[in-house]
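Each of the next two complexes has subunit A plus one other chain: subunit B in the first, subunit C in the second.
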Partner chain A sequence: MDFFSIGLALACLSAVCGTILRVRKWFTRGKAMAGSTHHGPRSLRWAAGLADLILLRRTRGGLRRRGHALLILGFLPLLFLHAMDGVVTRPLFAAYEPTLDPWQFLRNLFGLVSLAGLALLLWNRTARLRPLSAAQDWALLAVVGGILVSGFFLESLKIMSEADFTRMADDYFPEAESGELLALKAYWAAENGARFSVFLPTAPEMLEQGAELHEDRCAGCHSPTSSAFVSRSMAALPLSPAMADRGRAAFWYLHVGLAFLGLSLLPWGKFLHPLSTGANLLVRGGSRNSQAQNPPPARGLGLDACTRCGQCSLHCSVAPIHTVMGNADILPMDKLSDLRRHLDARLSPVETGILAEGSHICTECLRCTEFCSAGIDLQDLWMTSKQMLSKAGRAGVDGEIRKSTAGEWAREFASGRLGAIGGTGAGLADQAESFWGCVQCTTCTGVCPVVAVSEDPSRDLDLTPQQIMNLLRMGLKSQTLGARMVWSCATCYKCQEHCPQDVPVADILYELRQLGAEVLREKEGRS
Partner chain B sequence: MTYAYFPGCKIPHHLPEHGQSVEAVCARLGIALLKPEFACCGYPIRHENRDASVYSALRNLAMAESLGHDLMTPCKCCYGNFQQARHQTGNDEKLKSRMRNLLDEEGLPWPEAVRVRHFLQVLDAERDAVAAAVAHPLELKVACHYGCHALRPENITHFDDPLAPTIFERLIAATGATPLNWELRLECCGYPLRGRDERISDLLMAKKLVSAQASGADVLATACTYCQLQFGRDEGRIPAVLFSQMLGLALGLAPGDLGLADAALSWLGKE
Partner chain C sequence: MKKYDVMVIGSGFAGMAAALFAARRGLSVVQAGATGGIDFSTGFIDLLAVHPIAEQKVWEDPFAALAALRRDLPAHPFCRVSDGEIRLALEEFTSFLGEHGLCYRGREGKNTLTLTAAGTMKPTYLLPCTAWSGVEAWEAKAPALLVDFYGLKGLSARQIAEVRGDWPGLRTARVRFPGMGGELYPEHMAWSMADPARREELSKTVAPLAADVQYIGFPAILGMTDTGAVLSHMQELLGKKVFEIPTLPPSIAGPRLRAAFDRGLPPLGVRTCTQKLITRAVCSDEGFQFTAGSGSTSVELFAHSAILASGRFFGKGLKADRHSIREAVFDLPVTQPENRSLWHRPGFFDPRGHEVNQAGIETDNLLRPLDADGQPFHPRLRAAGAILAHQDWMRMKCGAGLAIATAYKAVISL
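Up next is the complex of A and B:
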């Protein structure tokens, strides 16, 4: 067993087992989200999904789209024709030799195309997506770039390597006399960029003899190295023959090792996106709207198909709220990642609170779904996960407040730590001017539609609007913060419009809810 | 006439027919709509965070300001929150300076000149032209539902007389239909309590629908995305119809262009 076989076996094992685990999660997570809802049959439009996949129809932005197109056009042929040549190219093409044209030329061409694509993607991420990027984004670029660059170095060092020449000559020209070997070396040094530690003649007759020997012994498997146009031009690097030999060995390990690393990382994070995103595009069948009845595995696949391209977060309708409140889970890309962790039961209670807050702030505007280059039905995921979190007792600020009675909240809000929050004295509820005019005429309560539909306001609402104003007037704010009236206010502003004394009743109720939300954030450790 | 068109978050997925019919009507009436990539108006987050709500609103207004056009929205709640945000920054210097800093960071101007218009106000300003463009007068009795957040508090929203508004009735009359006066026309639809207090939300909605039905109206007309979403949940009592769709039909637009399925046209009676 050598490095290559052991490395390949381990990388394949990691890739296969990891991918199986990932695919299993499509089912478990999908089921966890589905609850008991029934899913009807869906008609799939494979052709539209295939067109999305092949033509990169959903990949927005010139840099990203061109970058992906070039990388795919370059990397896929390299993967199949070069990396897997033993099982693909050699069986299919009888005269295949990696050092013969067109293969030698194509390898350089595809490598260059891939690198150009990768450069565009790196530019895109550096210039536009840096704040949204995480380690795995850079890791994928680094591994793919490393494979490509090390490949070019390896080939150029092989071209230069004296040890390789000697090994080949021993194998394929063992009977060579020293004069013949000298002529062949002279030819390879002059024509193919090989480097030797001995002085070589340059006389024309010597080179001619070398050319004949080359034609006889080497040309059957070797096209001129000039067709490896990238690697050959790199063979002009100022390296001694000894350095070239050492470098050739080192870069073989680097190139093959990085390829194995890439393969073994396939199931990790976005390394899987070439597979999971492709599958999701097919399953979505070209749809850009939200489908209410995604079956569980389709939901699970969608959860796993993110390419971290950041478009959802850049275009999110509630991004300005994120700017002010700072909760990362307000933005779709981070929310999706935390939703996965929540479904795997890997979020702490505080993190779950952060996810719940972000989920409930989402306004379900569909924009992330329209922008998603992976075609994920994010709208469906958000609407479903919001319900799921609510059912699990994470119904946002409103839900938390309703878990305790007004009296319990009053005691808590009056306690030192929470009571200090929002105590700036700058709010409407803190200023005597807000209530100076209040004569407790009960107009606000009388016009309130919420009070009107309640058979027993003191049971359903704890306090009426006018009672709240009275408590505030007496400086008893903590008594009001948990009252159902505050949280079940319909915000119709009738109280405020009708108040004969211009007390801003509805604005004050808004302020109390904002204060309650702030206190809860503090209490749950979210701020 | 050109406006920066602000549809609001609920239209694309939850009520696409509202956006479709507003755009179709505007196209027919020669009202040009610009569609920059607006974000949330800040209304839903107002319960939780004042700065986030005000900044969301001002950021959109600043975008419209840069375009050099007034902002038009078909949603009463978006309309109300824009007016609230302006009012609050006008009365709180500290808030105003925080907001100015945030807008500066995005390179956006302070929204000084831009006006916020509701779809009904835009049409009302051209009411004669609207009436003249009506090709198929509607023979309907209509109960107008006003929607709270544009109407109140009037000193902030500047929409219409908060106790006796007439703008909606004037426009209904322009379509050839007959507006009815009814008891609860200025009351809340109940949507703001959806997901917060479902029971009271249902009670508020049912009470209004019963009153609208008792008025003898054929349809309940709405001009707000949230109100329509609320009344659209109910089936059977009285059909709730978007004003933009009613006006579109009166203008002779095809039901399909207004997001109206044929099956949804039963309220149109003999037509």
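Up next is the complex of A and C:
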């Protein structure tokens, strides 16, 4: 057993077992996402899904789309024709030799195309996505880039390598006389970029003899190395023949090793996205809407299909709240990752609190679902996970506050167990100036659409807006924090717009909610 | 920046009227002001009913009262407008409201006594058609039922009946308003009356109590934008004449007026900067540069002329501190008592009223505000409405009429 066989076996084992485990999670996580269940068979629109996949129809942004197109166009042929040549290319093409054209030329072309695509993706991530990026994002770029670059180096060092020439000559021209070998070396040095530690003649007749020997012995398996246009141009590097020989060995291990690493990492994080995202696009069948009734495995697949492209987080409607609060789970991309960890029971209680808070800040506006380049039905995941978290006693600040009455909250706030409420005491609700002009005219309540839809405001909302303003100006803030009016406010700002005395009614209600959220964070030990 | 012919500062009666009159005369108009003030209107359009206030003399003929007022109080703003201008202004104003669903009615040259939520009879010149049957019922002392609602604080039928000892045929009933409970707010009730089903429920509740009456009175909750239709449907359902009494402020009458202007002014080309007070004004020979609102939502506006209709204290046209009163937009000189101790008399209900209620800005006969030297502050600045000095519109019962008439004069004198 040599390095190659052991490495390949281990990498395949890791890839297969890991992928099986990942796929199993599609089912277990999907099942764990309780909530609305699948009703009846779904008609899949494979054609639309396939078009999304092949044409990268959902991949947004010029850089990303071009980068992916180039990388896929370059890397897939390399994978099948080059890396798997033993099982693909050789059986299909009788005269296949990696050093013959068109293979030698195509390998360089595909490698260059891949590298160009990778460079665009790296540019995109560095310029636009750096704040959203994690280790695995850079790792995937590094592994793929490493495979490509090391491949070029390996090929160029092979071109230069004297040891390789000698080994080939020993195998395929064992009867060579020393003069003939010299002529062949002279030819290879002049025409194919090989490097030798001995001085070589440059006389035209020697080169002519070398050319004849080359035609006779080598050309059957070797096209001119100039068709390996990238590697051959790299063969101009100033290296001694000894260094080239040592480098050739080192880069073989590097290139093959990185390829094995990539293969074995396939089930890790976003390394799987070429498979999981493709599968998800097919299952979604081109839909940009939320289905709301996805069967459990489809939900599990969706959970696993994220490419971490960051579009959802960049376009999230409540991203400004993330800017203020700093809770990473407000943004869809991070929330998805923590939701997976939650389903795997790998979140601590405090982290679960953070996930619940982020989840409940989501307004279910559908934007992330529309923008998702992996076609994940995020809307369905959020709505289901919110229900799931609420059932598990994580109803978010709104839900938690509603579990007790306004009076119970007032007692709890007044008990001082939750620390000083109101933080700095410098909020709008704490300042006498906010209520200076209030004449208790009820205009704010009269125009309030939330009060309007209630059949009995004191039963449904505890207090009306003008009553809250009155309690606040009497300094009874703890009485107001748990009032359901505060937690039902739609922040439509009608009250504030119609107030004849410029009382910032809506701003104050919003501030009270911020305070409630602070209190809950404190209760859950997250402050 | 777009240039306007006229900037109307204020969105109460005077501001709305000025915007309407100016737009109707082909001027390009922009209007700014808080939305809150007009919400406190009763909906009645008073012209002039009490003069002199110290005697609390009530006049049946407002034009006779005007003649007396002009004789006694030469500084009163009504001295700047003629009876003819007043009639034209009121006609144009109420016909506009009529086009937008708010029908008004009165008696030519006569004040009418109408019921208030307190049970008193208030003299006014024009009143919403929805209140008219109440006038007829009281004048005839006809058998009538006054309905109020559990949870609605702004009107008590029993209070009205007890005060109106002169109307023995008046009965009262308190009922549950269908579909709502707890504390009720007039605007929500009025909107819910847009649903014919709600009217049917209400009439089913009331009909058994009203078998032997000719008139049925309700708190003013009969619809928001379609009061005429709601009223006639209720009359049809109940088979009686139906009328409304405005509840305590803020009643639904104010939002109805505001809604009518919100609907009617933009089609006339008026640009309205709602809920924006003027925070900066720079005058030049060409006109006025204004900033409306503050912060990120503020807008810059330029107008060749301006009409200051920003009201008194509640409208934020005048600002009072511990020592004095200032005008909010141009810092015009304000006629006011010498010091704060003279603002109010010791008795709150002193029939002579309080000096501070006469405070305001001085103008010439063209309603041009005067500067400290008694000269026009700017040739194309006018003032209208409550901000004008030497009038106590509350006690004289002349608020809306004065606002509309001076707005008319301000526009036609531009």
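By definition in this document, the second predicted complex is superposed on the first by the 412 of 527 C-alpha atoms of A that agree within 3 Å, B and C clash if a C-alpha of one lies under 4 Å from a C-alpha of the other, contacts with A are read in each partner's own complex, and residues count from 1 in each chain.
We adopt the following convention: contacts are C-beta pairs under 8 Å (C-beta built on N, C-alpha and C of every residue); 3 or more make two chains touch, one makes a residue touch a chain.
This one's a predicted model, so the numbers in the text were calculated from it and none came from an experiment.
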item	value
Partner chain(s) touched by A:Glu497 [first = subunit B, second = subunit C, both, neither]	both
Partner chain in contact with A:Thr202 - subunit B first, subunit C second, else both or neither	neither
First, second, both or neither for A:Val451, with subunit B first and subunit C second	second
Comparing the two partners subunit B and subunit C, which touches a greater set of residues in subunit A	B
Partner chain in contact with A:Arg459 - subunit B first, subunit C second, else both or neither	second
Contacts of A:Thr443 with subunit B and subunit C, given as first, second, both or neither	second
Touched partner set for A:Ser240, first subunit B, second subunit C, both or neither	neither
Touched partner set for A:Trp487, first subunit B, second subunit C, both or neither	first
Touching both subunit C and subunit B, counted on subunit A across the two superposed complexes	452, 454, 497
Residues of subunit A touching subunit C in the complex	441-443, 445-447, 451-452, 454-459, 464, 497-502
For the subunit B and subunit A complex, residues of the former touching the latter	9-10, 12-14, 37-40, 42, 44-52, 55-56, 59, 94, 102, 148-149, 151-154, 162-163, 187-188, 190, 192-193, 195-197, 200, 203-204, 207
Parts of subunit A lying in touch with subunit B, wherever the complex brings them together	289-290, 315-321, 323-325, 361, 363-367, 369-370, 379, 390, 395, 397-398, 426, 449-450, 452-454, 460, 484, 487-488, 490-494, 496-497, 504, 506, 510-511, 513-514, 517-518
Contact set on subunit C toward subunit A in their complex	34-37, 39-40, 179-183, 185-188, 191, 249-250, 255, 274-275, 314
